[in-house]
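These are the structures, in structure tokens.
What follows is chain A paired twice: with chain B in the first complex and chain C in the second.
Moving on, here comes the complex of A and B:
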């Protein structure tokens, strides 16, 4: 049984850098998926919400509290603070995933250092610039990592793994009360 | 450790992928009635040394199927493409 950690978890990495792990409100998470004309159709739907379809699968599109991540060539995730009423269009499937993910925020000078202990990604400023995201796995669980600041990452993790994964990440810190 | 280039996500560790199968195998025509042809399609595989095309699934990343050309002897990678964009 995984030990349950009380949010926020504060601690330091083995190189002495402080990190805070905090569960934050995910808001609404909507997936749009499609087929051949995905680029045109999805961009049209997003533009009606003053958003747009990112051209690549690495840059996070941001407007206010809304983020758009193109997670595959024909799939995007939209995270927003309020529910969005996306126009219903044939050939585009809209799916509410709000309950399927939990958002963990890693913040502090040791945030990148902590993550580098768990994911095989280049977390340097050049390798993972602010405003980009990556889908990868932590402890074999698929996660989406969004670099929102030099020392801040948002992790979208499956709700069913929220407790155990928070524990797994926290175990990598020397925790302070 | 193998590192595989995903056309969507970039260069990633092999642990993020699942091996699919030989990407050169082609299904016989559905009207084929010779059981030997189907037997070979389902069960018989080469175990080539050298350049080979394989399906890999980027299961922890973009979830796309990709075709990777890899040297099975040296593990050198020659290229990867989205499977749906390839006619192998």
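Moving on, here comes the complex of A and C:
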């Protein structure tokens, strides 16, 4: 049976490095998808919001509290603190996914070390600098990872797996009260 | 064997003494000892009993190649079998016990097997127990006794109290083995700025240098190197870590024994850690393992590898014997022999080479050693320990010439050459090449991203090993300079390890594989029986198949086979190695994926309410779903019948958030839906929804669900819970391969939307009151949806029924799901609204005759399920061609029917169907797919697939559950048990 953890969860990795796991507001998550000329059309829509299309699937565009992540050649996700009204354009479809994921923030000197226990990504400063985004899996569940600080990662995890995955991640820590 | 601890020397910390237990005896040891060295120093001659013959065995090696000293470690829930005593670091309070011995290690009843050994040769079990009296019954009877008698350790069934963890790591260079070559490589790579991981299975860095006399020049170099490595921030040194697997794309599996060297792991520390390392390149510096020699009774306690005896002498300050015979075919044994002699032992060297290098011979004689060129050990004398050795002059092929001479001794050391530890290389690349001069298999120095250095590639000297490592690491910094001994084993090696009498036989059991008790005679027998493939030989004799994976036995078995076949070793071939290099605890591989985290669990956002209100939960794939909500004292049957009855009479709500939900968007979405569903979707207007059925390409039913048109190019598809991922994957597959012309995107929105079904005659009232909208038939007829706001949350309300009652499905932004559920509960009080679970939902749908996963089981067609009328004849769709295959059109195929069970008990799903007077054998005429007690009909009913079903309404048939050994009778009826006209759901 999954156990619901009280947020935040504080603890240390087995190396003694401190980490805090906290659920934070995801805000609004919108998917833009298209077909041919997606780059041009999507970039045009994004630019009207002072945003830009990331060139690849590992980097993010960030402005204030808004981030743009490319999740496929013809899809981007836009995370923002407020709802965004994207211009309606033929050949681009938008989809609200704000309720489909929750955001866990991992913070502390052990954040990268904790994550490396669950994901097969090089999370070193050189391999995963601030602003890097990745789509991967934790415990076989799709997870989006955004490095927002040297010692801070945002994990967007599917809403229905949130309790189970939070518990799984917390299980890797020696928890402190 | 009269081993003793020397008063000086070694790399043990004599200031720290500990006590360890073995076989109920206490042994004093020092930090730095292994359990093996402690037992040797304490005079423990027998450390285990052999696998098959229960022969008393002593230590053979000092490291990972040990074959005999497998022990039980610790007690209770930390009990661990098959630990190699030579790899277990001592700590105060360490407890260990022998395994595979009863009633005691000294007197083992199983040793009687040895008396019958001539009958227990290769293939004994196959020949004797499998097949002689029909089938496998005879084997099944004897298997338990054979397994009990055969000897590996005994595991515990107690819960493991420790925890383990996995970790991923990335590096530029992974160096396996921190001997001189590995350290030199790490230094050079580290100086270059590479991100380096250096892996060493030992507690200490140094590898073979740790077997040099303490205080020598190698210690100075080692200390300087270790200091420099620890100062390099880009070099991570993993001690007590074994690289057990090498996989494609330069991925390695390591196991780090984080806390095995103490009594119990410290709080918060894992016992072991499983590393998955991805590296750009790998440097293997895994060294070599000395090769035993094969002669009569070569397994008596006190026959050891020469290198091991040297390690015990120089690292652990244990002199393993006083009167020692060193049997060798190469130069490397001389250094050990001289050091043993200098330590006070009386040493005889039997070197089967007739010409011994002059300098070695002179050094040996100076040390007072009795050197006998051209001689070998033919047989060892002794029961539980070595008492003497018969040595004999031999031909270059290892056959005795003339009479043998008895030499009283307490220790025989053997050195039959060396076998490079190429397991990791072989795991990755397969078979290595044979080197005639070295009489062994070698990996190439370079292949792909792998570089092999040191003894692994037969490096002729310490200096060469260091330079190879330095160069492999990038050649940065000062070249390492350290001189070794001029005793390279490959220089004048005589490639003979099997010593026999002149007729080719041995005057006693001569073992090739100590751990699995494989004798020379077993290889001979396999040869006589026609085994020519080395892979078959391995499996028939089990040579090389024990926990040591043939580290010491493989080459000797191959050598014997090549002799018997009159071929050279490369012509005979070799086997390949597979992971793991050494046994790995399952707990390490499991890590945190255990108990409640065995797999990720999926919970609807309303789950908390279900738990708080006493729902019994049930697994549904990854989901946990409310099964039923028991009232006081109720069991499942009372609860679901009450819940289902309540829905028919009043109103109930059920959490259906688990339904698969897919957004289908794009200008060609209608065309896409038209192709994936059997029925037409192009004409579906906005604001309506339609039930649809999908087929697989082979024509069988794949899934069903309702799809709503939200906008011009925007659809909301629902699928069954079980098939949500498959439907999405199939849609993506089609769009990215066959239908690239369609401008459609499909996106899972299962997590975006919570969903609640509200069913029952009062459902309209509850919803209308809560949402403040008119939901009359005129405003919201069946198969329509509308947008409503409940508790300030914008939701979508579908008019859809699975239960057969007036019913709605409410889709809510997921994070607000519980709020809306609670709002419904509150608003439903005047209507007597109750929650119901999965079991009641199933009962309601069976009553209605709706299909679900148990009918869409991959074997049924549209026609089988009575749904053929849905299939459009005006269009092509997935499965439209192959569903017309004659075999699927056969009118005698089982078709969906209802069954009314005669009597008071319920049949069981999976039961088979037979005509009343037909014999109940074989697969029958169909099967039961779902059963329930019907509160509406007040009888037990079932859905079933029955041959020519619809033609048999009114017939009484037999329902047979072969598993539960029960038979019922049932009347065949239409599967539309309840309200076939649909008055309720259309009400």
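Everything below uses one rule, namely that the second predicted complex is superposed on the first by the 177 of 177 C-alpha atoms of A that agree within 3 Å, B and C clash if a C-alpha of one lies under 4 Å from a C-alpha of the other, contacts with A are read in each partner's own complex, and residues count from 1 in each chain.
Here, contacts are C-beta pairs under 8 Å (C-beta built on N, C-alpha and C of every residue); 3 or more make two chains touch, one makes a residue touch a chain.
Everything numeric here is computed off the predicted structure, so don't read it as measured data.
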First (chain B), second (chain C), both or neither touched by A:120: both
Chain B versus chain C as contact partner of A:167, first or second or both or neither: second
Contacts of A:33 with chain B and chain C, given as first, second, both or neither: second
Which of chain B and chain C A:98 touches, first, second, both or neither: second
Comparing the two partners chain B and chain C, which touches a greater set of residues in chain A: C
First (chain B), second (chain C), both or neither touched by A:136: first
Which superposed partner A:65 touches (first chain B, second chain C, both, neither): neither
Touched partner set for A:83, first chain B, second chain C, both or neither: neither
Shared chain A contacts, counted only where both chain B and chain C touch the same residue: 120-121, 140
Touching residues (chain side chain C, partner chain A) in the complex: 165-170, 195, 258, 267-270, 273, 276, 278, 592-593, 596-597, 599-605, 607-608, 617, 623-624, 657, 663, 665-667, 713-714, 743, 745, 747-753, 813-816
Residues of chain A touching chain C in the complex: 1-4, 12, 14, 31, 33, 35, 74-75, 90-91, 93, 95-102, 116-122, 124, 127, 139-141, 158-161, 163-165, 167-168, 171-172, 174
Residue ranges of chain A touching chain B (in the complex, touch as defined): 57-58, 71-73, 120-121, 134-137, 140, 142
Chain B - residues contacting chain A, complex: 8-10, 12-13, 15-16, 59-64, 82
